[in-house]
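Chain naming follows the written order as A, B, C, D and E, and within any one chain the residues start at number 1.
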């Protein structure tokens, strides 16, 4: 994050920087939120709904979200479908190929926790959050395309808390629920 | 993008000396693999010398899970096998269970099954035709096809409350009866769908560029199709007249009148267009089935929550959108299947890929893969 | 000829033309599509109208411990409307729906489980005036419809009636209160059988003064003379009828209408008369030799056995003709009155026998010999004019294709030697004396014409109910007719139209379940086994065959009740057991009166939205919401506890709170 | 010195024009694709989603700039500029208004058809330096394709040059007659198709064929570097449609003064629209068919056109 | 073709296969010793069973039961071919030479059951990664990554 990091540090350290920083953050978070290009990591059933979300009836493009198959160009990886142990390294690698800032949406219960494939199976990873930092979990098996769109709209709320200065969080816009933010220390 | 593969490989050629062979790794997450298939393509310039599919990236162990679920609990699992055509796996599985447990399905339920499965065939073929377009760059064709599919899915949602994983066909019958007004809107859809098919036929299958991409590509002869166990549109595209609905009739298909479209060249074009023509036939099957539909029970009487068939094994197969989908069930008398095996048509069809792709260009590889229409939930299971 | 998919261009110049044209066609198509209206739903501003069947996130409508289970209780005229309303909302429990009198078996189970047996008794009594009696003899259609059949075994509803009665008996004196009379009209009821007394009870509740005329010295009608004491101890019957008397019933015993008092007089004195005399006469087939000594009808036989304890068959061989419940009763009575050998011959095959399977099973246990598929041909008479035996003819089929009674006989004859032949093949009413002095007339076959739904007769003032109307049937069916007749009388006396605005009780059809699999089913899920006296002991006299449940057994059985259609989760765990993902965890406390669900966790991250749980939920408490905006910022938030499950499913679930606000997408265009 | 300043001003202007073109081009493409596909396209930002590209650009600008470990760093970094510069340069010779072309040169037409070919080098370098099989294949495909289509593209413009008797764009505009439109129609079709190939649009988007090569030579570029490629592509689209509108349809002619510019832009817009329409309608060609089309269809067609125009000229 | 006709036809053409034929749930089953599997399959192919529909196996504690499903287009009939291989050292002759369809299906059985097919040209794991240990569809397969379901029905 060459340019951004330098800019963020400068603004954070400089006098009066915080005001500028805040406005820059606000503008940037707004743009990032409105231009979430998706890396469709569709592996199973949810991939169908992922496709449907981009097509005529649901039209993801309205939100500025378009699918790109090249991880380098994308901002958010939508993991849609079951992740097996054989697939997991691929996903991890693809995630690493994405450029910062990047987010992950776990779409559907297979990606969230293994879902129906939680028990009694030998080859399924129980949730993509075992290998990637997931920002938004969408329940459904598969979720409706609207659920995914809702997930993306919620992801904007997370993006709105972020700052280009390292270690900063924008306040006020939105807070995570207490229990989840504190977590149980796992 | 994908995994590390030694991307250049030194091979010896006949004339002596060596050339560097480019190894391109297509998948597992790749726009054209229709899922998570990885094809390791060895290229000589752009010509594929060897294409090796690596599957199993979606191997979820459903067959093992089925051994740990009751007969009813397996139905949702079968939804996730062929996620483009969930109704088929539902039905094939339920047929096997019914055969094991000697359950007689009411007539109305059989008709409803036929109706939903023909709708599913349209939906699935729309996906196949559409993604054939996307593979060759015609994204708009994909959108139009998907639009048609979306309308079927709306009907399914009305019927059973889910868009993809229907869990509709159950051992003994079906889970819901038709909602009000559903039949009328389905008939209206059939009418408009024919127009949509005409449009797609002109837009894609009539297009000179699309023909150029598909004609003569990935030719499969009838003998090979039989020997390799190909079924469904892949076999029929090669001129093999093999449709279980006609040639091993099940359910109420013998009472319905329909044609089996076949191709004569066995290339990607024939495989694709066979699917398109089957959609016309499906429309007419739906209309006939609706005309013959009579009120009655939709579930066999008194199917308890826990089925425990007598020990034994049973196999039953139906013609899914991808070919003959069979389910082999072994019971040991307990409420859970002892073994479930899904004979996946997509798996058998995909095995043809190395043979078909050899000698073609890399661009053809994705078209051939698309014309086999694999769904990896079913291939890998 | 199959349709061919290969679709080649023509050759030559036409081909080139076709090629160029295909490009132009393509452009035309996309161009035309671009001018079509857009089919997009602009989420979140617009939302797709979801199908009512959409399987969204699950929620509970209510949960035991927080919500009460409603008890079906309404006065006699309003009860049908209540049942009908529930049925239309699909909220009628199967046991209640399948009971001819719509006894609230669910409420009984609930109150028993709460430790309130007396309340349970009184609830049952509202629709079934003799819970103690019917708790022993009812053929319990409720149990065959019980939803629990689908899971494992039905609830023992009938033994629970009996248990409730036995508990109530201890406190009956405190709880019994006479009904207050607030109508001037008086009603006479002829016959003290179940239907007559039911009508009497309903009318007394409504505030009428009721007088019941019984021709015998003991009340009870068919319950007394037709049901053997080993099934129904007399003290139970008399106790329950006594309770009615304590509530204000005027019971005149030994007064036979038509002999001691005329119908004419009744019509003068009373404002309405209800004929509930039942069936008194047994039919005897007019076969050769049917008038020989030793040929008897079932009713006189049973009457003799029940009144005197001796049917005159000591040491004799008895052959009972007929396959119904009466025939089985006769056979078992014959054994108890000292017959050496009892055979039962019926037309029907083993599986078709019209009696209840448990009855014939008990009879076989006791030593009755059943001979199926035999039709009576001739009574063999000895030289002295007494019965020597019976010639039977093989019966091939009893019913024709349309299910009508049309027996077909074969050519094979069997002679059975016997001393007594009892015909238990049907009964008829004896009404001529009763109706004398009224405007009523009988049909050629001796039947009284009666409306089958409102139980009015040709004379406005006279009503009829019970087996007189329905023909031979079970006690609970008679009781149901009693309720209806009471309502008709009430409407008549209040000057209302008998039919107008009257709600007819719905007759739903319930699935017949195959016996469920019981291997691996935990003990507490199994039905309680009702203790029985040993066959070799019980045949010797008329002591009760079936023994009662203990307090703990009854409580456990009441807990098994799933409280179907109550929309309150009772923690039955069947959702957890049916879930293919094992996403649901349910725990409950089973303490009497304290039963509540302590844990209901749904791990939404495992749920596959297959709908199996909601579809099989017996109480309909677990339902799918139409909610689909299921975005969560943390995986732990996806485990819904009981409170979360009870929340209405609206809005997005992102933060674990209903945010209520719409999506932040600003949409123009 | 003044040349340098002029160059700087021009460079800035061209950059802005291209940015603006890309800005509107991307938006337009998404909107047109949307309409064809029965949906809306971008909607949230600005009126009709016009500012969507702005958000995209800002985001791309501040995205991580990944330089994969395996790449040839210097070439990798310079490649986008090599692609971008020719696209910007080709705008310089287009006659925008009466008597005005930023660079008024006697070999303007030649300049216009030759300069974009330089971008081939950039694409090739980008593909090669990425050390990625997709990128390498894409780069090679791009090179082969662009070079093959240079010929029909050049040939297709020649009839106009013949008719005008000059290679100077302003001269062509001066000499332009309306009846050239039907006369050079075949030439326009060849030019149109060849331009589609030049700017890598469907049905000729083989280098970045999504279904085969993911993003082709640009697969490893992220953030702003990739945006530069995209901009260059839209710059090429704009340049091709402007030039086509000028030489085949008379550019600003017909309407006097400043209005002429508007007419010119409108004509160019129609051509651009047609290009987008075509690219959202047809499937993609195969490399061998692509070559065959260039050599067996387009080149003969262009030659026929040339002969036809030659005949007409000699008859005149 | 009816299943009884099929039996008669089979008995007519290959009398030695006849005693091995039985009918279960309406399907013809030919249970052969594993040594004769290839020959029986080849006989059946000559008889007209031209499609190899399915290859699978069932773990029957002591042994593995291999199940082949053959389909005939000309006779419109299906038949099972079954043979049992011992659990220790399960080997059987591959049918790839008869039907190339067996190529992947036998690989799958090898992968999930560990049954070795002699004569198979490319016997590798197909579903699971190459470095996987064990054969998951065997009943005694244990994996610590597997979570057992709650044990109630």
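Everything that follows uses one rule, which is that a contact is a pair of C-beta atoms (placed from the backbone, for glycine too) under 8 Å apart; a residue touches a chain by one contact, two chains touch by 3 or more.
This one's a predicted model, so the numbers in the text were calculated from it and none came from an experiment.
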| item | value |
| --- | --- |
| Shared interface partners, meaning chains that touch chain A and chain E | B, C |
| Maximum centroid distance from chain E, chain identifier (CA atoms) | D |
| Chain whose average C-alpha position is farthest from chain C's own | D |
| Chain pair, B-C or C-D, that carries the greater number of C-beta contacts | B-C |
| Identity of the most central chain, Cα criterion | B |
| Chain A-chain B separation of Cα centroids, rounded to whole Å | 32 |
| Whole-Å gap between the CA centroids of chain A and chain C | 57 |
| Intercentroid distance (Cα basis), chain D paired with chain B, Å | 42 |
| CA centroid of chain C to CA centroid of chain E, Å | 52 |
| Residues of chain C engaged with two or more neighbouring chains | 23, 26, 29-30, 33, 38-40, 42, 520, 580, 582, 608-610, 665, 667 |
| Touching two or more other chains - residue numbers and ranges from chain D | 34, 36-40, 43-45, 49, 210, 214, 219, 280-282 |
| Chain E: positions in contact with at least two other chains | 127-129, 136, 141, 149, 153 |
| All pairs of touching chains, each written as two labels joined by a dash | A-B, A-C, A-D, A-E, B-C, B-D, B-E, C-D, C-E |
| Residue ranges of chain D in contact with chain B within the complex | 33, 36-38, 133-134, 136-137, 141, 202-203, 205-206, 209-212, 214, 219, 280-289 |
| Residues of chain A touching chain C in the complex | 56-59, 62-63, 109, 112-116, 118-119, 127, 129, 134-141, 143-144, 146-147, 149-151, 153-154, 156-158, 176-177, 179-181, 183-184 |
| Complex interface listing, chain E residues touching chain B | 24-27, 50-54, 56, 58-59, 67, 69, 71, 73, 76, 78, 80, 99-101, 103-105, 108, 112, 125-129, 136-137, 141, 149, 153 |
| Touching residues on chain A, where the partner in the complex is chain B | 41-45, 47-49, 51-52, 55-57, 69-71, 81-82, 84, 86-87, 89-91, 93-94, 97, 116-117, 119-124, 141-142, 144 |
| Partner chain B, residues of chain C touching it in the complex | 2-7, 9, 19-20, 22-23, 25-26, 29-30, 33, 39, 50-55, 149-151, 511-517, 519-520, 574, 578-580, 608-612, 615-616, 624 |
